[in-house]
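Both complexes below contain subunit A, partnered by subunit B and then by subunit C.
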Partner chain A sequence: MNNLKLFKRQSINELSTFYSFLIGFVIAIFIGSIILLVQDKNPIDTFSLMLRLSVGSINSLSSSLNKAIPLILAGLGISIMNSVKLWNIGAEGQIFLGAIAVNYLYINTQFNSPTLHIFVLLIAGFAGGSLCILIPAITKVVFGVNEIITTLLTNYIVFGITIFLINGPWKDPKSLNFPAAAYVGEEVFLPTIFGKLSLGFLICILFTALAHYLKNKSVFGFEMRIAGGSALTAVYAGINARQKAFIAMLIGGGFAGLAGAIELLSQTHRVSTGISQGFGYTAIIVAAITGMRPLGIFLVGCLFGALSIGGSVIQTIGVSAYISDIIQASTLFGALIIQFFFTYQIKKVEND
Partner chain B sequence: MIDIQLIGLFNATLQAATLLFIAALGELITEKSGILNLGVEGMISVGAVTGFMTAVNTENIFLAVLVGVLSSSAFASIHALVTVVLKQDQTVSGLILTILGLALSSLLGKNYVGKKLVTKLEGVTSVTDPSSILEVLISQNIIFYLAVLLMFITSFVLKHTMFGRRLEAVGEDSRSSDSMGLKVAKTQFIATCVGGAFAGLSGVYLTLSYVPYWTDNMTSGRGWIALALVIFGGWKPYRTALGALLFGFLEALVPRLQTYGFELSPYIVKITPYVITILVLVILTIYKGGKTGAPKNIGVPFFRENR
Partner chain C sequence: MKQYILEAKNISKSFGNVRALEDVNFYLEKGIIHGLLGENGAGKSSLMNVLSGIYQPEKGSIFVNNIKQTNLNPEYASELGIGMVHQEFRLIESFSIQDNLTLSKSNIYRDDFKNAFEKYSEIFSLSVNPEKTISELSVGEKQKIEIMKLIFNNSSIMLLDEPTAVLTPQETDQLKNSLKRLSEEDEKTIVLISHKLKEIREFTETVFVMKNGEMVAENLLTENVTDNNLIELMMGHIKKSVIDKSNKVGDAKLNIKSVEYVDKVNNYKLLDNINFEIKAGEILGIAGVSGNGQVELANIISGIQVDYSGEIFINGQDVSGKGVKSRKKLNLSYIPENRLGVGLAPGVSILDNSIVKDYFKTRRGPHLSKTKTKTYLENLINTFSIKAPDSKAEISTLSGGNMQKLLMGRELISKPEVIIASQPTRGLDVNAVEAIHNLLVDQRDGGSAILLISEDLDELFKLSNRLLVMYEGKIVKSFDINNADINNVGLAMAGVIE
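Right after this comes the complex of A and B.
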């Protein structure tokens, strides 16, 4: 009698993550099409409209890339933390606290040079993100509390603080119906490079290279991998695993905080609930789908940024913006399914 | 005569606790088999919206509960497929289940925002305005009593039945379980779907009784608190129920604090349950010194090496 059995492949194709992503994306588009068909919308028309309105002109392309900035930065933060085998589900809160830190510093300090001012505010954003993950980091390395749940819970805490600030101490009296803090002055707006694309995108490229170097080329990256791998090996190698985990968490949070700073200084120009529209959660998909590779995060971040813009503009023809969320999540599920076939082999075996 | 406000607080505590407990109990069963499902938030949301839609369209409350439970269970089977059958990362799959569940339920519920229920889940007795502890206890709706029943049943099944012992064996040591002839994949698959069904029940409780209406992201982190409750309860049904009562009490207390004379911003008060959850997790981890009672194989995909 023949039986089907599972074998782990001896070698896994190096590009398997890439192929899985591509096929996953096709599966997701297929699922999206079915949802559109159910809603009596023509998928080809809808998707071509999405494509045109997200990358069809300089303006829309730059909007898409602006949208990619927080996804990429938060995704990079998640991937750095993953080097020590830790999960950062708190990027959403870190983005908000980054923006809050920027606004706090903006209100309370004066600078003569706008360039220096912007530079200091960006650093404040990074610090705000690090501050946001400080408690999960301390409870993780000192007591061993599961960081998945603590980082997630901080999202709700920081969001509550944001709502408190924009309805209370920071409330702009001129903003009547929509609670928000006062706008920051034009002197600290991030300059644009072309079209509407903000300087934040260059920062993003810089930080992608930095994360790639940090993870794959630096001594610290090597130590992080050992610290995250086996506790015993780390001890033999004389590596303080807790210290590496702590630093990796602060850096990871900082990346997302920087994203919040860029959103504030280039997009919203004030603290409101619109600082992040779920970027911290989408960033998890972006990071996971690329197998935590910084260069992949950059590319997929750009694609998902365009998808989000496409999703929000097709609302005008009565299609729910959630279609882009569903396509993003389905891409990852599709990719996971395909990844199985790259990792395992199903063979017919004769029973004896 | 007990203060009428205290009666209200007790009533609200029970209801908030029921919601958290059912979802937590489901996750407990899933985790006992060694599968971690971080998709609780998404599963509750799917159950909540499908139940609500059925209730609005058919006005049949029992059909609505059934649809909510089954669709959430079917939704959980995605996680089972990806992690049990295809052996992919449980953390990634669970997280995406949450994101997908929230997006999917927002998409489905788009035309149901602001709709009113003609029939909602009523209390089993005619008491509508309880004025004593006893009246509170007898005026709950059917899902509350079901939750209490499920607590006893789950505890009994885990300790005293073959299925429960198999579940525990698989979750503790899937390799040995496999060599003893237990069907690891089948057990884990079932446990994941049961967890989804429980989350769905919690979801329909939310939209058919607790709130009762539908709006985007209305689960507001309860799925994550349910996950924390499983750790809090040390993977034991009764202790998890105790934790649910504690968290339900906090959720019920928060909007009432001002009536007791505490001058606090309502926005700050809203975040206290999340702060307290973190505090409780820290205290618990210190107290137990690492021995949390977690199933040993949790999060580890099982793969039988073929030679």
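Right after this comes the complex of A and C.
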């Protein structure tokens, strides 16, 4: 009798993640086209319009890249945590708490130098994100509580806190009853570098390099990989696995918190529910598609930023913006399936 | 002719090129406790798996109540009343005791659960509420429930694969009485696999002995056979050592003084008053069936386990209270029994795994030098002739032998003064075993003090200068290798000490 069995491939092409992303993206465009066809829209026209309106001019390109900033930063945070084989589903909450921390500090402090002020506020955002993941981190390393559940749940808690603040203590009387905090002053707006592109994008490049160093070049990254591979090996090697997991979680949360700070200081300029439009969740897709590689997260983050700008502008021709969500999600699906075939091969074996 | 409730004739079974069972005969009398004795890998578990329908033999026939059974599968075997308790528990942890016991469709006490549970709780000296979930039970209680499950499934033939391995001496005593009562009152036919002669002697009426997949003794009356006979059957003859043992021996490098380690949960001494020393250029072998404290001993010396009492000196320095890292700095290497999972981290690259011991040497500040790391691995690959084509590939892409060579190489390259090698050749092919033995002898000649923990007596006799036998957490006997007799070692391993 013959049976089909899976075998792990001896060596995996280094670019396999990239190829699976490309194939996944093609599959996603194909699925998107079918959905457009069902709605009697011409896919070629629609996609070329999306392309033109998301990267066709300095203005649209800079909007796209601005959208990419939170995706990239939160995605990097997720990838750092993944070095210890932990999943961060709480980037969304961390983004919000980062923004809340920024606003809190803004309200309660005075600085003479705007540069220093912005700098301090960005650090506050990072700290806010770390604070958000502190409880999941403690419960993880002390009690072994599954971090997927706790980080997910903190999203709801933080969202509740946000709603409370913008309807209560922080509510802006000038906002015509729209639930939002007061705008921050123009002196702390992040400067733009070209077109509408904010300085946040440079921070993003810097942090991509930082994450790459931390994950792939540093001793800490090595210790995280060993601890993630096997806690017993870590103990055997004298590596404190819990400590590495704890620090990785705080850094991961901090990256997402920084995204919230940049979003507040460069885009919304005030705390409202609009601080994040699901960036924390899309960031999971971005990180997963790239196999948790910082450079890949940067590139795919940019692409996904452009996709969501493209998605919002094609609403003007009567196509739902959800088409870009569908493409993002199907890319992940396609890429994961293709990655499977890069990792395993299927062989016929004789039954014993 | 005697009537047998179960008879297996000329059973053969192989896995790939490995012969697990060769022409094995086995037969059971109703209402009697039979012992099945043999070293690890002798084929005892394979035979049990054939009888319970899990493995299909290539040759041979099985008769249950004189009816020939073809196509025996687990479901059908259980209908025929053959039940097996495996070495690992097969209970559903999150279910209650009652649900676990009444799970199977061949259950006979579904309607009368309460009375039956009371009756057998008494026989097994078990006092727990059947509503309790399995995960709340102690290991000993779980083992009792496992055996009770066979009774509830109406098994008349109970195959127990090393049920006492996880039990404390008191629990083993209780089990003995329970099994005796089951065989007398319920006429259960029982097969008990064990390594311990004492248990075979106390539990069983007749005994079978296996060696290398063959049945070397059938149905001996336990009371008529001597311990020496059994050991000789089990161990056979051993090749005499070919390695020169006249190398120079230096000062003591490792001293262990009255080390004790207590399992706090069961308040049970896993290590009891361990004393020994190893000199430079000496290999000290520790013989013993696994689970007699060897893993704990290795973990304590290497610093993984620090809550022991007693003293340990490495190179004359007291290391009590010191962790893994500071002991490594004293040039101690540990080759753990569990290759993949402890010694090597699965899912992590070969490159990363190669520097687990010495990564502080390949670092530059907070930075891990790529060139240094690569050179380090290349050096390992060349020195120890490891076949590792792609250093970025996961460690699990290597063969077992190459994995072990990488692990040994990593631990040995720095010429350690003290080496703990735990089961270094388990599961490897002949060539890899030879290579690993040579590595250890080279280290010995270089002046290392080596603690070799193994279950393989051939290996221990070949490599060791001296031999200690561990049994139930104690060192029960010590041999100089030139005067050591394999049968005496075997007796000590099985817990017989004159």
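The rule is simple: the second predicted complex is superposed on the first by the 338 of 352 C-alpha atoms of A that agree within 3 Å, B and C clash if a C-alpha of one lies under 4 Å from a C-alpha of the other, contacts with A are read in each partner's own complex, and residues count from 1 in each chain.
Rule of thumb we're sticking to: a residue touches a chain if its C-beta (ideal position, glycine included) is under 8 Å from a C-beta of that chain, and two chains touch if they have at least 3 such contacts.
All of these numbers come straight from a predicted model, not from anything done at the bench.
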Is A:326 touching the first partner subunit B, the second partner subunit C, both, or neither of them? first
For A:120 in the superposed arrangement: first (subunit B), second (subunit C), both or neither? neither
Answer with first, second, both or neither: which of subunit B and subunit C does A:193 touch in the superposed model? neither
Which superposed partner A:225 touches (first subunit B, second subunit C, both, neither): second
Can A:29 be said to touch subunit B (first), subunit C (second), both, or neither? neither
Mind telling me which of the two, subunit B or subunit C, contacts the most residues of subunit A? B
Which superposed partner A:14 touches (first subunit B, second subunit C, both, neither): second
First (subunit B), second (subunit C), both or neither touched by A:157: first
Is A:210 in contact with subunit B, with subunit C, with both, or with neither (first, second, both, neither)? neither
Under the stated touch criterion, which partner chain does A:134 make contact with: subunit B (first), subunit C (second), both, or neither? neither
In the superposed view, which residues of subunit A touch subunit B and also subunit C? 8
Residues of subunit A touching subunit B in their complex? 5-8, 35, 87, 89, 135, 139, 143-146, 148-150, 152-157, 160-161, 163-164, 167-168, 281-282, 284-285, 288, 320, 322-323, 325-326, 328-330, 332-333, 336-337, 339-340, 343-344, 349
In the complex of these two chains, what residues of subunit C are touching subunit A? 15-16, 302-304, 323-325, 328, 334, 336, 338, 341-349, 352, 355-357, 359, 363, 366-368, 370, 389-390, 392-394, 396-397
Where on subunit A does subunit C make contact in their complex? 8, 10-12, 14, 85, 217-222, 225-226, 228-230, 232-238, 352
Show which residues of subunit B lie in contact with subunit A when the two form their complex. 38, 78, 81-82, 86-89, 91-93, 95-96, 99-100, 102-104, 106-107, 110, 220-221, 224, 227-228, 231, 265, 267-268, 270-271, 274-275, 277-278, 281-282, 285-286, 290, 303-306
